[in-house]
Amino acid sequence: MSEPMNRLVTTPAAVGDSASNVASAAEPSAVFSVTDLNVFYGDFHAVKDVGVDVKEHEITAFIGPSGCGKSTVLRCFNRMNDLIETARVEGSVRYHGVDLYGNDVDPVQVRRHIGMVFQKPNPFPKSIYDNIAFGPRIAGFKGNMDDLVESSLDRAALWDEVKDILNQSAFALSGGQQQRLCIARAIATSPDVLLMDEPASALDPIATLRIEELMHELKSDYTIIIVTHNMQQAARVSDRTAFFNVSLNEKGQRTGHLVEFDETGTIFTNPAETATEDYITGRFG
Amino acid sequence: MTTAAIDLSGDPKRKRRERRVRVVFQAAAVFSVLVSAAIVLSLIGKALGFLLEIDLSQLWADGWFPRRGRFDLRTIIWHTLVVSAIAMVVATPLGLGAAMYLSEYASPRSRRILKPTLEMLAGIPSVVLGFFALKFITPNVLTTIFPGTQQSNLLAAGIGVGILIIPLVASVSEDAMRAVPIALREASYGLGAQKWRTSLSVVFPAALSGIVASLILGLSRAIGETMVVAIAAGATGGSLLQVNPLNGGQTMTGAMASLAIGSDQVVGEAGTFDSLFFVGLLLFFMTLALNIASERFVKRFRQRY
Amino acid sequence: MATRTKAPTTTELVQAAISGRKTDVVGTLVALGLLVTIFVSLGVLVTLLADMLIKGWSVFAERGLDFVTSPLSPDPAKAGLSQGIFGSVMLMVFVVVVAFPLGVGAAIYLEEYAHDTRLTRFIVANMRNLAGVPSIVYGLLGFTVFVQLLSGVTNGRTLVSGGLTLAVLVLPIMMITASEALRAVPEALRQASFGVGATKWETIRHQILPVALPAILTGSVLTVARAFGESAPLLLAGAVLSNFFSAPAGTGFATLVTEADYTALPIVVFNWARQPQKEFIAITAAGIVVLLVMLLLINGAAIYIRDRTSRK
Amino acid sequence: MDTRDTGSIGTGNVVHRHHDETRHHFSEILDEIRNGMVEMGSLVVENARRASVALVENRLEMVQGIIDGDKEVNQRYAELERLTFETLARQQPVAKDLRFLVSSTRILYELERTGDLVVNIAYIVNDLHGLPASAQLRSLVERMAAASCDLFATAITALGDLDEVVGRRLDADDDVVDELVEAFYEQIGKEREVIGLEAGIALNRLGRFWERIGDHAVNIGENTVYIVTAEFPGDTHLALRDED
């Protein structure tokens, strides 16, 4: 297995390195610390006063009805919202204590450390190999690319299925395989965090379960945040769940806010808020 | 109580009207097909007549002088290729650059202004560009750079044709680039790629078959473009094979136009006027092949997304 | 990696890794390069328009409306556009009357009635290819079929021949435009209409056409604009290629259309452009300005129609 | 753990190295619950055996240890019940997995009640200050307790292996316990004069407790059969769910 090229944060696998070990002991255990997050699209107040802490090596799930801002919040974690011209983010999103929206922070660099997997599998129209190699290449990876491709595919539980067809188009794969390819592609740049925006919503149930299994395996190496409209999925995979809801503001616009954030077992067996219970029991609205 | 039997046979009047309407539309479709058959037949008949009339060795004669019975295909095909190549050299970078700017860089607002303006270029009739090439590009641009430029020359015609096909190349390849799913761009940004990298390494290759289609289509248009070459390249009777694009020369369409202009007073050897149909048929098949090729590329692109 | 003695904190490591908004030189260059390409294209357009206005300005200044209302003449000081404008307008009437119903009808048949058989696919592919055939080839068709073969009907080199030639030229484009407009109508609308018991024609008339009409009309007007600027096929389809012709005074309208010689605006421009005398440069440019203004009007009409019909 | 169970609970067969299976995380949770129940059952059996020794050998000093031992059982009960409910809420189990989890809540109840019965037996040891000296009575108590404990241990084994055959057999095996209890009641009647009313009542309750432990074992067996086959043997489970 090749050396991770730009990993910053120690994982259990790398505990031998004393330097960052000592360092992390003094750090807060939260990978992300979000306070008073407000997101606007032009005049539209999309997300209001969100505060969450995301812990290392946990799977944190964001659930809630459509329009509740869960994806918007997720996209603040790697500054994908920057790509929308009218978007404006207020409040602080701290990543290992560093303000992601600080003045000298380069969003391109941020995204190299915080990987993302999207709703629909979106492989590049290139070979399987080149899909994985794209990220490392643009980041100037100098090591053995073959090894990196193999280890990334292996970690995404795809190596055995594709090792003989690495030069074929990624479109030859099934939807579930494509999504695992996208996960492998995200892993290949050695991120610390994986953001997953409804990663299984375009997949059939069995492929969905395989992705969920994969997430369980990946969480020993990565911190994972998943947005899902499927609360059963959140129930199955996550350690902590944040429930977002929509409310109408004074202008009659739909604004998302955080209702409850707790351990997933608590959220799904004994939620503190009535709104949460109504949502997860399907008595919403 | 019993239910009365339900009549499901339908209103006969309504049924007759349906049939009539269908026949009308069918007739329109059939007529359209007949037109295409008419084109091919009218070409083939006279083209064959031309081949029977002339001494076939004259197709490889010295120069294109139809009134003297010399029909050297190499001359006009070569000149056509020269003009088309120049046109592509002009249109490819400008068209693709404009397409990528509009698709990837322009804000919605500037796109709303730039795109229709570019389309205006597409609306300029080719006679206008021919005149522009003859009376502006040649005297004001080319003679300044290359003092030996003839008044009618292939280079000016090629540039004029190139300008004419910029909007076509731009609009087809912009469609192809815009059809690349946003998801692919997001995937690229999500991996930490910059905008330029995303545009060049992800969007461009993903849209490649559509871009190739746009270039083939542009080439097809360039080969078939008549008025610009007729005005700016020197469509005055005959011509010898010409290697220097700064000199005038006869292209396939230019040759056709010049025969057409003289159509009521064409005199000369046998087949002089009918050579028009032979060249037309040749042109028809060349552009047909290119259009089919372009269609293939578009189809490949469509299947993907 | 950090040394054992002075270990940087994770926060410091992260800070160092994600900061540094280096100005992206390559990115700026790429963006600039692309911007240049688009402005070169637009610059050509501006140059062209300016050149025409400059060259043709004296004609408008000296002759005014006389330039538009005078007939052709070998004398550039007297030559005018009236016959060209009349010819072009009449040609467009032919295009609209012949190509519009045929093209839209064929599109309706192919999109709504015909099953997806090999034959219909062949027809559609055919039409697409015909749309790409160089326009001068249509001139050959016009010459063979309308000027020669059907001269009993068209009287040879008349507006009828020219109009039919242009109509045939735009027919495939009309059809493709209409097909695309029909295909853009959501399938759900058809199913909803059939679902409440409407027949095919009722569905087309009441559900599909109203939705597709703005796009069909806009596309058709733009197609007409294209035909308006077309000159290559008219070279063969009988337009007069000299700088002088006239019909006897008092010739009736019907005779003008069906029997008399004709020309068209782009043909007039072409004829003038070929003249070696310097005096013709100005009237050619002025003629081009008139041609472009008329094209602008037609395109404006397309925008007007689109706005009006889609507002409903 | 490097080996991963395939599929759902109980199949027990091995073991794909990689990712040929889905939901092994879920399978791991199910295994955790099953193993937890087996361990909890083993604790109960051990405690019951200890109670039997305390009874027969008149070891009053063992009573407190038995009472304390049940605390561990109760704690396991609370943990496993919470885990079972959470799993039901989070994993959307279906088919065999659903039967297993629903049955688990019942089995956990049986285990917990059995643990309580063992504690009750320990209190009776205290109350009686040892058994009356009758060798016959003593021997019956010993055999009755042993049969009951064996039956319960078998039930736990059946559950651990999800062994339908063993689970089905428990009902018949319970007849041995019932016969011994019957004989015990008869012997109490014969020796009523010697024992006295108060001790007689205590001994009666003792018999009933061992009998109930046997019944719980049978219920566990039937639930095991239900998990595997989706049917209760002999359609008897409703009749068996009467009060202690």
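By written order: A, B, C and D. Residues from 1 in each chain.
Convention: a residue touches a chain if its C-beta (ideal position, glycine included) is under 8 Å from a C-beta of that chain, and two chains touch if they have at least 3 such contacts.
Computed from a predicted model, the values in this text were never measured in an experiment.
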*Please find the path from chain A to chain D through touching chains that uses the fewest steps, and give that number.*
1
_Using only Cα atoms to place each chain's centre, name the chain farthest from chain B._
D
*Where the CA atoms of chain B average out and where those of chain D average out, how many Å apart are those spots?*
87
*Approximately how many whole Å separate the CA-defined centres of chain A and chain B?*
48
*By residue number and range, which residues of chain A touch two or more other chains?*
109-110, 113
*Which positions in chain B touch two or more other chains at once?*
194
_Listing of all chain pairs that touch each other, if any do_ = A-B, A-C, A-D, B-C
*Using the touch definition up top, name the residues of chain A that touch chain B in the complex.*
78, 80, 83, 85, 108-113, 115-120, 122-126, 134-135, 138-139, 171, 182, 185-186, 189
_Quick check on the complex: what are the chain B residues that touch chain A?_
107, 181, 183-184, 186-194, 197, 201-202, 205-206, 304
*asked:* Under the definition above, what is the set of chain D residues touching chain A in their complex?
replied: 18-19, 22-26, 85-86, 89-92
*asked:* Please output the residues of chain C touching chain B within their complex, sorted ascending.
replied: 24, 26-27, 30-31, 33-38, 40-42, 44-45, 47-48, 51-52, 55, 101-106, 108-110, 112-114, 123, 125-130, 132-141, 143-145, 168, 171-172, 175, 199-201, 225-226, 228-232, 235-236, 241, 266, 269-270, 273-274, 281, 284-285, 288, 291-292, 295, 299
*Touching residues (chain side chain A, partner chain D) in the complex*: 157, 160, 206, 209-210, 212-214, 216, 232, 235-236, 264-265, 268-269
